[in-house]
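Look for chain A in each of the two complexes below; its partner is chain B in the first and chain C in the second.
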Partner chain A sequence: MTSTLYLAVQYLRFHAARSAIVVLAVALIIAVPAVIHLLLDASERQMTARAASTPLVVGARGSTLDLVLNSLYFTGDRPPLTSVAASEEVWASGLAAAIPLYARFEAQGAPIVGTTLDYFEFRGLEVADGRDLAVLGEAVLGATVARDLGLAPGDSLVSSPENLFDLGGTYPLRMPVVGVLAATGGPDDRAVFVDLKTAWVIEGIGHGHGEAAEADDLLARTERNVVAGPALPTFAEITPENIDSFHFHGSSDSYSVTAVIAVPNDERSGVILRGRYLDREEPLQIVVPQDVVDGLLATMFRIGRLIDTVVATIALAAVLAIALVFYMSLELRRGEIETVFRLGCRRSTILRLIGAEIAILLGAGIVFAAVVVSAIAAGREDLALWLLGSWE
Partner chain B sequence: MIGRRPLDLAAVALLTFGAGTARAETLDVRTDSYPVAYFAERIAGDTAEVVLPVPADVDPAHWVPPIAEIATFQQADLVLLTGAGLADWTTRTSLPRSRTIDTSTAYADALIETEGVTHSHGPEGDHSHAGVAPFTWLDLDLATLQAEAVAEALARRLPGEAALFEANLKALAADLATLDAVAEEVGALAAGRPLLASHPRYQYLARRYGLALESVEWEADKPPGPEQLDALDALLEKHPATIMLWDADPGADTRQVLMNLGITSVVFPALANRPADGDFVTSFRDSLASLRAAIVAG
Partner chain C sequence: MISLQDISFAYPSAGFRLEIPRLAAASGERLAVVGPSGSGKTTLLSLVAGILVPFSGSVRVGDVEVHTLGDVARRDFRARTIGSVFQDFGLVEYLSARDNILHPYRISGALTLDGATRKRAEDLAWRAGIGAKLGHRPGALSHGEKQRVAICRALLTRPPVVLADEATGNLDPETKGVILDLLFSCAEAENATVLAVTHDHDLLDRFDRVVDFRSFRQTMPA
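Presenting the complex of A and B:
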């Protein structure tokens, strides 16, 4: 038996490239469907848990899917903007607590989430290193962002311009990192959190600069208002020295947010609150994330079943192709097998030799597939989050 | 690791609306000015520990809390802000919206815009906002509205104590109404008499009680310089006042300088910070008495 295995291994080593292709094909046939199901299951868990813990989301009327995905996973699918007045409306209703979110900008590839401290309490997020947000311009990082970017309290990161060709657009803001959150295994690990007002500074609504009246390119001056030119330089970082110069323009009610998480006092309050947004003429909509995610999951499972069918068909074709490869291989080796037989080797020994070769190839393929599946299984939650977060 | 109070969905709402919470210990209430702290102390009684962390010798309008102090505001059960632009630091600080109440929202329409230059960026740009006078409590009607906002915020946090808060508010409102009646009387006495203020702090007092008040910008701890005296002379020509209100005692030298100009100094603390003696009501009452005496004497 040992000599049979030895000969089989030597044969496969001699035809290393061909053997590797067969092993890879076997591994793919096994691993692909397994990985797809692992990721689908992980995505379902992530989406269901996140949606279930977010009772209601208010946002501008438009795609409910964009609104929910952006609010829950900070995806790049940005819903139409609404104003912070939507949050105050929820507070004023007395029916729910309101947590505004402004998930529009990015810093070094990670989404910047402008919100209030209530968000951290609502999600149960804890600062593992450093401290909470305290003053304008500071950032607290999710655990994964801090790890991937190698940042810790005391470092800083810079917001990314929205559009490189938009010269009049947002300017990068350098933000000191004051804290890193404990890992949660959720989308919060991949976000950069700032105060809502800091997000408005990134947007350009708020900024700091020297005396406008002393600007070189003053456009106009009246008794009560100075019109500074667009070239008036603004500070790119909020420091203790310049923080007092930071101010906001326009009506505070009009400042933008992407969504408002509403946390009703009780079920009845939630129903009443939802009723207030039923009018189609109302510019705002309120959605139950669980409902939206359930609809999305149903679609995902339909797609999953379709993928299963496709993968099964391809796997069958691949199995047939591998069988053909073995058959052709045996045909090519007919002369070699005949020579071995004439040298006195029994047919059963020859069969054992060929069987050992096939078993080794299938075994190696299975082991390879198991390694790949295990590796992905270990990081499936992160991978699912990444997939959810990178939907564009 | 910094501990954070665990919150579930209902708890966030309860933080705001407080329905059904039973009181286990006194509430930690933080404020940014003395009037709001005083109202909270009167209304909450022993159900809350009300903290005004501004040092006694610092004007709350100019105070900026260190990071450690901001953290205590963030961890408080309730943060009661004066609003009306008094504490500018609150606009650049992260405070939990669910536990932070601006007690001036009920009278936002009654705020007095201060003179100042705004600016915009480009002809189409939005303007920055002009400032508003922050010493709203010197109008005792507004002070009563502010006290009601304080009572409402406390009742939301501790609904089980709502009856106590209502009773305490009623007593406080009665005190404020009595003060208001005295202030109206003093206002009637001062009708038509030009008055001066060492600082622009008494806008609401002047509007509510019909005082003809003009302000200069003098410091109580610094005698006036020649330029300030020249400006005062110019002002006196069109506004011949014989009484100047001071937030703090200006000292004998400044009193004498003013006396030489025929102006009596009256200390009328604006009460943004805790008075050295007495409380909001007694200090306000004493100030009104001093003003009345000066008017009668003049």
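Presenting the complex of A and C:
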């Protein structure tokens, strides 16, 4: 057996490129379906757990899927905006607590979630390093964001403009990092949390600037009015020195949010609350995230089964191709086989030799696939989160 | 050592038939087999080696009635008793010269590879003038060097019979003589019988005896 293995290894080494391709093909045939199922299972767990822990979401009428993906996972297409009055409406009903969310902006690739401290209590988020949000302009980072960006309390990060050509938009806001949350294994790890008002500052509703009346380069001055020129400084960072100059324009009820999480007092309150949004003339909708996610998962698993069929077909084709490679290899080795027969080789030895070559290639492919699957299995929750996060 | 009696063999589909009433070779004898192409010279070597089995008649090598052996026994007999040298060398491209010489021990269940065999392989290679090229694969060797490797492989088992099928056919005139000298000297050291098919009439005087296949009754395809 030692000699057979030795000869098989020598043959495979001599044809290293071909052997590597066969090993890779075998590994892919095994690993791809396994990885797909690992990630589907992890995604299902992530989505189901998050949806189950979020009783109701209120938002502007439109796609329920966008509303749920944005408010639960801070991903997907942004739903139509609604106003913070929606939150007041939920509070006013006396049926549920309301947690407004404004998940519209990004900072260095991570979603900025403007909310209230109630959100941290609702999700059970704890600050692992630093402190909670306290002052306008501060940010608390999810564990993954802090790790990926290498940020800690005392550092700062800057909000990203909504698009590159946003010349007339607001300045990016530099936000001091005051805390990093403990890892939860959920979408909160990948988010940057700010106070709702800070999100409105990023939007441009709230801002701070120097005293126009004292500015040197005024465009015009009358007894009742001053017109400031572009030299009037507009602050891109909220500091203890300029925080008092920050103010908001317009009616506070009209300020934007993307969704409101409603936490009913009890099941009956939840049913009554849902009933209040049934009217189609009502500009707001209320959704049960679990229902929306169940529908999405059903679609995902239908796609999963389709992928299984496709992968099985490709695997069959690959197996046939590998079989053809072996057959052609035997044809090419006909001279070698005839020679060894003339030297006294038994048929069983040739079968053992070919069997050893196939076993080595299959074994190497299985080991390679196992390594890949194990590596992905170890990080499947993060990967599933990343896949959910990149679902644009 | 070798004795063929009343042999009849045919390839019916090719219209070829060979009959050998009697052919014998003694231990240590060097026998050249000549004859026109397709006359059955290689078939004769295959019958002696037990690769082919005659329709009738007997093939005896030493004490072994080769034609009575089953398939596995004939293969084991071949590994132990016959050393073969081919015109196309028959080397395995993915093995080094050393591994090619040791190859019979790795592919035959009748032979056991041990340290003494490895040492003998080294000694044979140095004697054949290819000691420095034992790590080379056949692709890196000249025709003459390949045939030296093949001769070392054929003689490693100390076979009592060496069959050479056009062993010098692919070599230049100078190398032919050197290779034949090597084959004969190594065979002589083991007192092996050499049965060599050749078309090269210049080399015939170096054999003890020449068998002309035209003396046997053959039916050859038109």
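Keep this in mind: the second predicted complex is superposed on the first by the 369 of 392 C-alpha atoms of A that agree within 3 Å, B and C clash if a C-alpha of one lies under 4 Å from a C-alpha of the other, contacts with A are read in each partner's own complex, and residues count from 1 in each chain.
In this text, contacts are C-beta pairs under 8 Å (C-beta built on N, C-alpha and C of every residue); 3 or more make two chains touch, one makes a residue touch a chain.
Predicted model, so just to flag it, every value in this text is computed and none were measured.
By the touch criterion stated above, A:E126 is placed in contact with chain B alone, chain C being left untouched. Measured by the number of chain A residues touched, the leading partner among chain B and chain C is B. By the touch criterion defined above, A:G295 reaches neither chain B nor chain C. When the shared chain is aligned, chain C comes close enough to touch A:E336, but chain B does not. Note for the complex: chain A touches chain B at residues 53, 55, 91, 94, 96-99, 116-118, 120-122, 124-128, 131-136, 138, 179, 182, 195, 197, 212-213, 219-220, 223-230, 232, 243-244, 246-251, 263-266, 269. Residues of chain B that touch chain A in their complex: 1-7, 9-17, 19, 67, 70-71, 74, 88, 91-98, 116-123, 125-130. Chain A contributes residues 3-4, 6-7, 10-11, 13-15, 335-336, 339-349, 353 to its touches with chain C in the complex.
On the side of chain C, the complex with chain A involves touching residues 49, 51, 71-72, 75-80, 82, 84, 86, 88, 90, 92-95, 99, 103-111, 113, 137, 153.
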